[in-house]
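We call the chains A, B, C and D, going by the order they appear; numbering starts again at 1 in every chain.
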Amino acid sequence: MPPFKTTYRVSWVDTDAAQVVHFSNYFRIFEKTEEEMYTQLGLSFNEIRRKYNFWLPRVETFCRFKAPAKFGDILEVSLTIEEIMDKAVKYGFTIINKISEQMVAEGYVVIVVADKKLGHAVSIPKELAEKLETYKKT
Amino acid sequence: MPPFKTTYRVSWVDTDAAQVVHFSNYFRIFEKTEEEMYTQLGLSFNEIRRKYNFWLPRVETFCRFKAPAKFGDILEVSLTIEEIMDKAVKYGFTIINKISEQMVAEGYVVIVVADKKLGHAVSIPKELAEKLETYKKT
Amino acid sequence: MPPFKTTYRVSWVDTDAAQVVHFSNYFRIFEKTEEEMYTQLGLSFNEIRRKYNFWLPRVETFCRFKAPAKFGDILEVSLTIEEIMDKAVKYGFTIINKISEQMVAEGYVVIVVADKKLGHAVSIPKELAEKLETYKKT
Amino acid sequence: MPPFKTTYRVSWVDTDAAQVVHFSNYFRIFEKTEEEMYTQLGLSFNEIRRKYNFWLPRVETFCRFKAPAKFGDILEVSLTIEEIMDKAVKYGFTIINKISEQMVAEGYVVIVVADKKLGHAVSIPKELAEKLETYKKT
């Protein structure tokens, strides 16, 4: 399947004194993309939280920074479901500068599906796993 | 009474592409100072929340930016209790660059004391009002 | 003239432990809206900086918080040019929750047009003032 | 050598709607710790930038989140120099909750030493490498 794609315009507040996007903000761009994907799949974070009483805490993340992005740059963010485990999901991300076609950053985030009441990770509901198949890496 | 004072060292992430502290971050510095004041008064945000089941939502804020602050600058932040109303408190802030002695920013924040269960503002408990007198403007 | 309008979806990272948008983030939403307005006017921040060698530092800002916004909320942000002074511009902002139609926040930001080389405020170029008339309060 | 250690108090703005520190903020805490280490070594970021005309861009980072941290928690952050390469340095970080003694997060950041004028990575100056030996993993 092709990945979920969205675009992100770099704001002034995303930059730092090196006049490039601060590295911590790439993780925020990853998460915004994830939020948009769930909304597009018709199962938003809010619905997951209300319906299943789940959090989706992050347990591990990695990013390689390949080229700087500057204020006003238009970034194309791609999200692929790299792996659906029993209680966890691994998202893969790539960020490309839409003007230069240069790779800006690539990384991953592993989340677990945590039941708020139980306070620990639980098996991913079938409905959620099926939705995530939409953007599964092949 | 003299104001509550603390220092804040400007981090890289606080800056933007103009190589100065992003204006939104002064409000974060204000709030960090408020948190330290409550801790120093022996009645932290957490204790207020647990004991009284209160939030302290902000209802109004203002800031005038007088001079830029740069990465590594040491800022002296002063907090004065400008006014204690029935259900609200007005904090006044000034931020001075400790090296240049220049005024960097000055502003205020008005908070209300909100009961989480009732969902609206309530009268400030006597204990809290008395603590805040410590840094009351005279 | 009608104001410049854009929408903003509240992200998880915008929220705090009160499960609402942190007050400092409204100033970031104001600035993102300003950036979009300049882009829409065909004179982006980047073009202003390159063409005129200007910064647009903020000198004063105010916000009144009327109702909380939560994760996933769609906000409608309106920007009006309240005043064009010789060397400064006052933007007015309102943020409305698109679902509830409730006013979330309203405020203003005053910027100056600063010449990077001279290091001080200068008169607003005619081209810029004319563009800003597009969203001038009447 | 023992690692460089500092403490960090979790602020309200660091938290998100799950009432825990947002994962992106751990990278900011890592960087603040790095800044303090350089200051303590008598060679601040600012001195490095002025003396050598260097940036220290991040090229890779990883973090594993082991337990949530909440508002008001006091975190102990340890920084070890894991590897000094010709043009790069790998920092290792651990964050421990000082009350519960629980491990909160552990990760690493790889930076390169980049000459601003040349626009690419250069060999680490002897003075800098020697300073970093202070906290070298043994």
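The definition used in the following text is that contacts are C-beta pairs under 8 Å (C-beta built on N, C-alpha and C of every residue); 3 or more make two chains touch, one makes a residue touch a chain.
From a predicted model like this one, the values you see are computed outputs, not experimental measurements.
S.K.: Is the number of contacting C-beta pairs greater for A-C or for A-D?
M.R.: Of the two interfaces, A-C and A-D, more C-beta pairs touch across A-D.
S.K.: Relative to chain B, which chain has the most distant C-alpha mean position?
M.R.: That would be chain A.
S.K.: Can you give the whole-Å distance between the Cα centres of chain A and chain B?
M.R.: Centre separation, chain A to chain B: 34 Å.
S.K.: Determine the centre-to-centre distance between chain A and chain C, using the mean Cα coordinates as centres, and give it in whole Å.
M.R.: Inter-chain centre distance comes to 27 Å.
S.K.: With chain centres defined as C-alpha means, what is the inter-centre distance between chain A and chain D in Å?
M.R.: About 24 Å separates the centre of chain A from that of chain D.
S.K.: Taking each residue of chain A in turn, which ones touch at least two of the other chains?
M.R.: As it turns out, chain A has residues touching two or more other chains at 12-13, 20, 24, 28, 31, 71.
S.K.: Under the definition above, what is the set of chain A residues touching chain C in their complex?
M.R.: Residues of chain A touching chain C: 9, 11-13, 28, 31-32, 35, 39, 44-46, 71-72.
S.K.: Could you please specify the touching residues of chain A with respect to chain D in the complex?
M.R.: For this pair, the touching residues of chain A are 18, 20, 23-25, 27-28, 31, 55, 57-65, 68.
S.K.: How about chain B: which of its residues touch chain A in the complex?
M.R.: Going through chain B, the ones touching chain A are 12-13, 15-17, 19-20, 22, 24, 70-71.
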